[in-house]
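First, the structure itself, so that you have it in front of you.
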Amino acid sequence: MTTADTPLFEMLKRVTTDSLATILLKKGLRNQWVRGPMPLKLDYPRTIGRAFTMRFIPVREDVPGAMARKLPVNRDAVEVMPEGCIAIADARGVTAAATFGDIVVMRMAKRGVAGIVTDGAVRDRNGLLSIGLPIWTTGITAPPPATHLMLAAWQEPIGCGGVAIFPDDVIVADVDGVIVIPSALALEVAEAGLEQERLDEWQMDQIKRGVSLADLAPMPKK
Amino acid sequence: MTTADTPLFEMLKRVTTDSLATILLKKGLRNQWVRGPMPLKLDYPRTIGRAFTMRFIPVREDVPGAMARKLPVNRDAVEVMPEGCIAIADARGVTAAATFGDIVVMRMAKRGVAGIVTDGAVRDRNGLLSIGLPIWTTGITAPPPATHLMLAAWQEPIGCGGVAIFPDDVIVADVDGVIVIPSALALEVAEAGLEQERLDEWQMDQIKRGVSLADLAPMPKK
Amino acid sequence: MTTADTPLFEMLKRVTTDSLATILLKKGLRNQWVRGPMPLKLDYPRTIGRAFTMRFIPVREDVPGAMARKLPVNRDAVEVMPEGCIAIADARGVTAAATFGDIVVMRMAKRGVAGIVTDGAVRDRNGLLSIGLPIWTTGITAPPPATHLMLAAWQEPIGCGGVAIFPDDVIVADVDGVIVIPSALALEVAEAGLEQERLDEWQMDQIKRGVSLADLAPMPKK
Amino acid sequence: MTTADTPLFEMLKRVTTDSLATILLKKGLRNQWVRGPMPLKLDYPRTIGRAFTMRFIPVREDVPGAMARKLPVNRDAVEVMPEGCIAIADARGVTAAATFGDIVVMRMAKRGVAGIVTDGAVRDRNGLLSIGLPIWTTGITAPPPATHLMLAAWQEPIGCGGVAIFPDDVIVADVDGVIVIPSALALEVAEAGLEQERLDEWQMDQIKRGVSLADLAPMPKK
Amino acid sequence: MTTADTPLFEMLKRVTTDSLATILLKKGLRNQWVRGPMPLKLDYPRTIGRAFTMRFIPVREDVPGAMARKLPVNRDAVEVMPEGCIAIADARGVTAAATFGDIVVMRMAKRGVAGIVTDGAVRDRNGLLSIGLPIWTTGITAPPPATHLMLAAWQEPIGCGGVAIFPDDVIVADVDGVIVIPSALALEVAEAGLEQERLDEWQMDQIKRGVSLADLAPMPKK
Amino acid sequence: MTTADTPLFEMLKRVTTDSLATILLKKGLRNQWVRGPMPLKLDYPRTIGRAFTMRFIPVREDVPGAMARKLPVNRDAVEVMPEGCIAIADARGVTAAATFGDIVVMRMAKRGVAGIVTDGAVRDRNGLLSIGLPIWTTGITAPPPATHLMLAAWQEPIGCGGVAIFPDDVIVADVDGVIVIPSALALEVAEAGLEQERLDEWQMDQIKRGVSLADLAPMPKK
């Protein structure tokens, strides 16, 4: 997160992932909600950041031994993550081994990473809860990454939970999961999202007063 | 729920879904527990109502534009739901888009709907929790229904979580999930369920006093 | 199939499901290929017809015994199918019981049904092959429908293999599976499909002569 | 649990399933974490015991009526479980019927069973929580076992959640799930696990003080 | 197969698995068709035999090294199979490693085994086809059993493709898959199956002559 | 394929994927068989080549419109494939859209590509069969790639069917599927594979003559 992102992120903090999904659908983007990851704890604040993508592949027992090309590991990736980013991992839906564990997550917290998303699993539930860094994950597990996964690369286009994610996309995560906003659309989506929130509030207010869904009054112009 | 249902529902409030499943199995009904939906919150009271069925199909992008036949929407269905019913949705197991969101659910609460069951997902977890209307759902999501689903009809026979459900079946939902009782069997199942509860209590009492499972005394006649 | 459909169907016979999927995607319809069903035999001719939809739900052991409302059965549906239609069944992906067996299929052949599609299974593989009526199915099985399924209704909007299907949609099925064309779009899709076939042939011809994909010449206007 | 196990179990109480998975992987055992079961409640203490294996198969309606060989039932198994064991069930991943219910679990508690693991489901969530015996389960359900499952045998080698389990293997279960330690390796794994815990603590301490992952100092010898 | 089975098996050769499934359903046995296995080749004759059950569990890398109890292997099981049996394997649905390969299958053929059923996979497709022993399998694979599976026992009650199978059950396998007939019911099921075949033929004959499904004449008594 | 590979590939042509899987397992490589892809036609010759990896991600509707970074397409990749390679695609298991269609495959054939492997699907079954280039695929489909997938990159490490694949790994594909041999191990695996074939033949010969599995004579040294 650069300071240039501050106004954008301030707006997005007031927009639910639900409203963002609605706005993105209206713009023809049907597939921006990441299937699988849910918050490890339900009272994280809404979390926003630029995507730092990580890509995992299945483990191979001869790596690194018999291999010409050395692969990076989680620890290498962590040290290049920019402050305020959201680390988002394509773990291929593998939940029988962790994508992240507590030591790496503690270092990510120290470096100012804003949040973590994985379509795989994390381990050390209690340790992660005490660190407090917000995490959206598909599962909890005990085995270390190397049981099933190897980090192949970072900051490449990835798929995560069935959604395309490019480095620097804007990630918004809350109690209803994770939404990906293409970088070029972020500002207009945020603005339309705020308007959607205003509409929802307007309608909810009428419903509470007993108006039927058919009789909702149109929202007055601001 | 009509007042005619009051005595039946009062009985059922004292019978767990576990005992109902046991009784239904004894009557040859093996498939009355809805696979998937669990309560959004664990402290809802046991919830009972006649089924108001809703049927969803996959979305099609040309609807309603290029289509001769106009489909209804959630909002239409809500306004015809009878007080005390349980709205139960055949969402085809789709959890990447909501079957219901908070505005519609607030209106359902206003109209006196007793509860909601879906084999798909709901969105706006916090909003739904604050409304308080009891909800059994297979998932939480952010995208609106139109991302993947269209309402096709209501009050038809449906499948939900692998179970056949007919309009006006009796739905009982608690912390162990959702049971469907065929309307014609509801009274006898409720009566046998109460007797099952009495048996469980009798047996549990002996177990607590150290009796082995082989030595359980038969329950005295009432 | 009415005689009014003859010119349309003649055009569609010359268009692959691949080209139809391409054209539908260009028109913004991303989800018209039915996931699951494949031809029982690979040398059926391309088969085209108006959709006669059938909707199945999970079986319930008390039906029809304890039930007020009598459900129809396959046999009832067959006798109202119009000549030239394609019977397409929403079997909820259940492949552990047949949607159709050989006696019913023989009657469908007698009545002039053009083809059968199910996202479930059929039984009596050899009998069905000898009848010859073209069938696209997700599985082969032995148990009769009543083991797991009941017919709930026909000529309603359904989902089949993840796709919305309305009565009278145009179904095209070949060796690459089943495509659904919304009725209102059928003519323009067929015309664009024929043009797509011409383009494919033009390009394939160049590729065969060694032209690279980058150097393909544009197709001359007809 | 015999008194001979006391020192081993005391050691294991201080080792997370995460560290055990790491140690087992280093010894070439890649598949010792049971996929599926999670604790019914997050604040159970870490639970350790020798495996008492139970093996379920799909139910058959003619059992026991038309069958020559009588099968045992849960109740028979419970009365032979040794004090301090962990009952671990191969339920074939079936979650539409319970592997265990509250009456049987209460008797298991009375007999001093240390914990329960199933790759299927349990029923009577509230009853089980009030009994307090620690349970790791893949699902919650309402129907009784006989809806889908029959107990076939106990104290045989089984698979559970994709892992081989032999009678008297050492089971360790905590907030990150369930680890199986082959009996012959238990002591050396426990000792290496304690050392792993010391290493984690050493590293975490440095990370908290701002050391980067690349600059971690090696742990001093004890 | 003992000579005592000859008359029973002669009857069953003339009954399809479809008719057997229908008859078993009428007797209240809803779950006797094995989900998954299909014939490796479509022109095997209908194959009938008593079940020789085999039970596999997930592999563990320390077996047999660090294990007290030695497990049997495929080769041991094959040498005790009675002539005319059908070897049926509970492979837990694992298709990433073979349950059987060509050398073992050749020996089974030599010993007079009548057929093989697995809910897992076989390997060496060409070798198996040339041996000719009829095989019903869920998949084809290359890796040997030890990659993922260990034989745990034989002639125990097992589950296979979601169905309970006891040693000496009667297995019937044809082009529509595999049916399990409980031993005690085999004769009456075979007799009713023959009658069902006669009914099907009677009805099919009428349908071919243009009779509608509603107008089928009742079958005359034999 | 360079001429340097000729002797290696000649050896591998005589080794089944089964024997290769056995040898790799003995060397500690448990996960080298690609789950999913099977040959489009059963009589392709065994096909061998160096891996040309392709990586797909889920489609996004704003690509390329609203995106800063332009992605490559299939057509770009094809023009850089070396003669004799096997193009192997990480399609994330998506079978509702093709990874390859007939025009691209014809160009690949023209460029001397040896074979194609995808854990997704191909389209235009008949066209691909007539081109004849050997293809291993998980599914057949009609929709074009852009319906669900975008090519993200080539010649990167990928996962395909649950297996890690690096550029220039040796791919061997036959009637039992696809095996991946790490480049550094290819020669020793090929040599051990030939020896394994000789052992299999030796054993099979004895079995055919009636020797039991227990009595197999050890193979004489060459």
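Each chain carries a letter (A, B, C, D, E and F) given by its place in the written order, and its residues are counted from 1.
As a working rule, a contact is a pair of C-beta atoms (placed from the backbone, for glycine too) under 8 Å apart; a residue touches a chain by one contact, two chains touch by 3 or more.
Fair warning: this is a prediction, and the values are worked out from it, not measured in the lab.
Chemist: Starting at chain A, find the fewest moves between touching chains needed to arrive at chain C.
Modeler: The least step count works out to 2.
Chemist: Hop distance check: chain C to chain D, minimum number of steps through touching chains?
Modeler: Tracing touching chains, the least step count from chain C to chain D comes to 2.
Chemist: Matching residue numbers in more than half of the contact pairs is the bar here; say which of A-B, B-C or D-E clears it relative to C-E.
Modeler: Over half of the C-E contact pairs recur in A-B.
Chemist: Consider the two chain pairs B-C and A-B; indicate the one with the greater count of contacting C-beta pairs.
Modeler: Here the pair linked by more C-beta pairs in contact is B-C.
Chemist: Centre to centre, by mean C-alpha position, how many angstrom separate chain C and chain F?
Modeler: 32
Chemist: Using Cα averages as centroids, what's the distance between chain D and chain F in whole Å?
Modeler: Chain centroid spacing, chain D to chain F, equals 39 Å.
Chemist: Between chain B and chain F, what distance separates the C-alpha centroids? Give it in angstrom.
Modeler: Averaging C-alpha atoms per chain gives centres 48 Å apart.
Chemist: Where in chain E do residues touch two or more other chains at once?
Modeler: 30, 162 - these are the residues of chain E that touch more than one other chain.
Chemist: Per the touch rule above, enumerate the chain pairs that touch, sorted by label.
Modeler: The list of touching pairs comes to A-B, A-D, A-F, B-C, B-D, C-E, C-F, D-E, E-F.
Chemist: Would you mind writing out the residues of chain E in touch with chain C in their complex?
Modeler: So the residues of chain E touching chain C come out as 16-18, 20-22, 25, 30, 33, 35, 38, 42, 162, 175-177, 179, 200, 203-204, 207-208, 210, 212-214.
Chemist: Which residues of chain B touch chain C in the complex?
Modeler: My answer: residues 28-31, 57-63, 66-69, 71, 92, 150, 152-153, 156-159, 162-164, 166, 182-185.
Chemist: What residues on chain B touch chain A, complex-wise?
Modeler: 75, 78-79, 95-96, 98, 101-104, 106-107, 110, 123-126, 140-144, 146-147
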